[in-house]
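The two complexes that follow have chain A in common; it is paired with chain B in the first and with chain C in the second.
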Partner chain A sequence: MTTVEMFINQAPFRYPSPIETELSHLAELFAQTPALAVYPPRWLAIQALEGDESLLNDIRELGGPAVAAALDASLERLHEIYGDDLDVALVDQRYRFVHTIAAQAVRRPVEAPVTLSDRIDRVVTHRWLGIPIFLAVMWVVFKLTTDVAAPFVDWLDGVLSGPVSRWTVALLAMVGADGGWVESLLVDGVIAGVGGVLAFVPVLLSLYFALALLEDSGYMARAAFVMDRLMRTLGLHGKSFLPMIVGFGCSVPAIYATRTLDSRRDRILTGLLVPFMSCSARLPVYVLIAMVFFPTSAGQVIFGLYLTGIVVAVGMGALLRQTLFRRQPQAPFVLELPPYRMPTLRGVWRQMWERTSSFVRKAGTIILATSIVVWLLLAIPIGEGSFAETPVDQSAFAAVANAATPVFAPLGFGRWETSGALVTGLIAKEVVVGTLMQVYGSAAEESSTPGDEPATLADDLTSIVNGFGEAIGAALRALPGIVGINLVHAEEEPVVEGLAAAIRTGFAASSGGHSTLAALAFMVFVLLYTPCVAALAANRHEFGTSWMLVSLLGQFAIAWLAAFVVFQGGVLLGMQG
Partner chain B sequence: MLYQILEALEAANGLVSLNELSRQLQIEPGALKGMIAFWVRKGRLKNIAVSGCAGHRRGCTCGAYPEGCVFSTAGPRVIVLNDS
Partner chain C sequence: MQLHNHSIPLMFVGQGVRTRLVGINGSQRTAHRLAELGFVPGVEVSVVADSGSALMVTVGNTRMALGYPLAQALLVAIPEKGSSR
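Entry: the complex of A and B
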């Protein structure tokens, strides 16, 4: 508890003697100048000595040549003593005075009071506990984004591929446009491509909810503080982790955020590392593949991928520091750790809404355009068939994607479907999902048997509402799983059918039966290769064409090597999959 | 007193939190913020809060939202010595 003395002795405030002399002289002169009477003379003299440009102009204009000359003479005499730091001497003297008064007037406890923020920080930023806590926080975030959001993804996917597709076909039938290329464009192109990506909105909502909680509570600043220690141990600049944290959201602003670093070499080095941090656009790809191949441990797999991204970024950074970017002395910096606070519902919702709506806008522009181009290439026959009615493996898309297939063959996913998805993924990572939905969707349709699909609009609406209710129930049952309590019974494991079965079959065919290993290698490749063309453009804008090419080729080489090690290493070790 | 901040920062090895600096210099955090703000105005320190797209509304996510980058608020305030 701090108490203030009721009586403070008169404490005269004076600037150092040379300054006081000039202040007295100038204040007297200003007091005798009627044109400057509007200003308190001593205050005006202080402002003039501190270099207030606006008031200096007033004094020179209103005071006349004699006052201006006296002012210049005073400034010259003081500059001989204080140089350019005259204003510093003035301000410093005021702080000293206030500090002295405060020291005399305020009685403080022997030990500074420990606030709740201090107590939390002692644990959260602890030398040894800090990083495990950071990892635990990440674990919870990814369990939340996968396990809890998964039932809503299934529901939304079911709505888009079921009722919405049926309604679209019905509407086209009403205008006599069903059964042709228009139906194929809307159902197989737009709904499969864009809808397939939009189905992952619940995942992104969960991720942005968790990120907003961490940011608003003040934990994100602590994460940077904790990671700084690790980065410095490895010879990296601690400030590099700030852009990297932004990189969890999107690589583009993260590349621009490298401007916070002092030297160009540090900026380039960090700009090369940032794309390894897993941006939110990659999350739908992980969720799709992890749910197909690792349905009971998707959260762990995705957590492992995010961790791999950090490890690769930090490891590459340490390596480059020893080679291309030899270590330079690090500039010290002060980080403001804001006090912890309870996140507000309004603030969290605002961030979730802004970020998710940004994702939806992207789905309506870049992803829509790419889906249409992919559909067009899938519709153009190279072998048998006619436009929009050709088997997908006889399409122009398959022919073009096949050219890239040999590159990916040693990684276990050398098929035109996955090669094509990875190439289109250069536009934006969500497009990988859209393309997989489009190319495997046709195979799933061909292999599926007619089920008990609702016949009427009312049936559709009932199934949508019921499905949403079931999703809420499943999400609530998954919540305790975040802390290790499993309420989901083994028999509830999803049956692999339709699209998932088509994806499994595709990966099995390209990997000689090691489909799980190939899927893992595929996700590692998606994690590490170039995030998108926008990130390349940001790289070029900030560091030039040469470094952009280094980034593009370097990331491809690292992604290829890492995926190769995962797949071939797993096969060599005799891992099942 | 003002010079103590610059000296402490020059002597620091990497990151120091505002609270640590406040304890080290025995200056109230509120006063310290004011003193840092003075040095920022004077150009001896730089305030480099992570600014996301740094005003450029390019890029996949940044360009998609009319208000600019939606990930720009993530960073804490960072103060560095200005050597330029």
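Entry: the complex of A and C
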């Protein structure tokens, strides 16, 4: 550092003489003007000559007529020499200075070699290969988040619903509080609700791992370049693609990421389309439902949902561009592309940790609170039963959810369990899973034999460790499947059988036997419907209340229509299911 | 902005050809923005890839994606073989 500073001190950076004369003249004048004391004088002079409009206004207003006249005279004199290119000349001079330093400090081969970045770019950003390569990359990402993470989800789920629940009951027994409503609150409310969501941490870890790899390697910026042509059909350009990709993680940072875009039109349009990119909170819902109804092709179904989100965004973008944003032109597309780099373990881990821990924090607050509210509503009897001993279909939750049920009846999932889950999902999408676990979990308990085998703490711990080892094995066996080689046929049923059966029965009852179609419609609805409160708050913060309402109502309508088409269309076509 | 002899928009140069930037033909705002990104007269510019709606270009040591309209605004000259600046 010191050598650079010394060098700069010896050769102070100066502009060519006509510009330098005016600069020092103006800087001196600004320095003597107390109203302009907040700005460094020379910096202000440079900005003025470069034509920064807001600073020019400041100088004219704060500096008074004498300063304004001197400024105009300077600009006039320079205009005679440089014409309209004064600002370019100033920037050019800075680059010349940088090149002079670089020429003395950096040794370069005479003929620039073809770098590895060049060679990768020739393939990855190829005009026709670019988009297929991008889709293949995304395919690997989603196989990774479903197939490889699934064994760990099963393991965590088993640990939470088995040993952890048993330990809780045992601890309560020690203080003499077992068997009552406290046990029900902790086991059926907190562990079933929060635990059901926490069990998906492995899915999120692998999604964030993949996103971090793509970002840190430099591929993400190439994806923006490759997708530019496709984004034009949305009335946007490649730069808007980056918030969209962030949207696959979470809509909230994605909406804030629109700040990097150059015009308000692009920001609002991107912000409206971001929620159609399926966020990671929706992934647990797909995983649960797809594993129950499409156990052999869950990965394909989930990939299809992500694509559906993109297709709907394309349609909505085209529609909005022709209507609400008709008269507004888009800003030009400029994006710097970093060279390819090997991602570091530390960088990737930091991103995984930051994003996953914010999810876990959410589980500890918002999801815990909704789980308790849902449990309370489930515990309060409306028909027969007493507090915390209520049959689920007689509970206050069933009564409240029933009010919303007719809306969903034409979509094939008009049951209080699912409509209740969708309503609680407005608070956070992953809560849909927690609520489904709570309402179907109690039904499942009746059908399955309760785990009464007297397990010691040591037994539990061994089974937890062994289970983790088995999960690693299963994940490794799933790895070849990512590229399409299926070594393991007929995976064992991953979701707890009692719960899966309860969910199947529920969907069959609400859809008149077309339970697979209803499940598909349900997932499409979850994909598209109104974003969670956090995303709505971000939307309002960035774009204002009226745009937030457009998002809230518009997405509900779109989701309803799309789910209607899937279910009724499927029934009309006579699809089995 | 005066017109330069033998200069063509970067848009029509084709991939892999080394060119030198001679001027920017567009609004002052566009010109300023491009200059700040390193598109200053005399700098070496070449096209790496074409997505069908934008060009990927190398300017100095940096790599940029530029929409077609901006690629139209950049006027470049192709130096004769063997001649340096």
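A few remarks follow.
Just so we're on the same page, the second predicted complex is superposed on the first by the 443 of 577 C-alpha atoms of A that agree within 3 Å, B and C clash if a C-alpha of one lies under 4 Å from a C-alpha of the other, contacts with A are read in each partner's own complex, and residues count from 1 in each chain.
Rule of thumb we're sticking to: contacts are C-beta pairs under 8 Å (C-beta built on N, C-alpha and C of every residue); 3 or more make two chains touch, one makes a residue touch a chain.
What you are looking at is a predicted structure, and each value in this text was computed from that prediction instead of being measured.
Contact with chain B, but none with chain C, is seen for A:I245 once the two complexes are overlaid on the shared chain. When both complexes are overlaid on chain A, the residue A:H79 reaches neither chain B nor chain C. More residues of chain A lie in contact with B than with the other chain of the pair chain B and chain C. By the touch criterion defined above, A:V88 lies against chain B and chain C together after alignment on the C-alpha atoms of chain A. Once the two complexes are laid over each other on the shared chain, residue contacts for A:R264 go to neither chain B nor chain C. Within the superposed three-chain model, A:G130 lies in touch with chain C and out of touch with chain B [touch as defined at top]. When the two structures are aligned on the shared chain, A:L335 is found in touch with chain B and with chain C.
By the touch criterion defined above, A:R232 lies against chain B and chain C together after alignment on the C-alpha atoms of chain A. By the touch criterion stated above, A:G51 is placed in contact with chain C alone, chain B being left untouched.
In the superposition on chain A, A:R326 makes contact with neither chain B nor chain C. In the superposition on chain A, the residues of chain A contacting both chain B and chain C are 87-88, 91-92, 95-96, 118, 121, 221, 224-225, 228, 232, 238, 332-338.
Considering their complex, residues 50-51, 83-85, 87-88, 91-92, 95-96, 117-118, 121-122, 125-127, 130, 221, 224-226, 228-229, 232, 237-238, 332-339 of chain A touch chain C. Those residues of chain C that touch chain A in the shared complex are 1, 24, 28, 30-38, 40-43, 48-54, 56, 62-67, 69-70. Residues of chain A touching chain B in their complex: 87-88, 91-92, 95-96, 98-99, 102, 112, 118, 121, 211, 215, 220-221, 224-225, 228, 232, 238-239, 242-243, 245-246, 249-250, 252-254, 256-257, 259-260, 262, 281, 330-338, 351, 354-355, 357-359, 361-362, 365-366, 428, 532, 534-535, 537-538, 541.
Considering their complex, residues 1-3, 9-19, 21, 23, 27-28, 31, 35-36, 38, 42, 48-54, 56, 58-65, 67, 69-81, 83 of chain B touch chain A.
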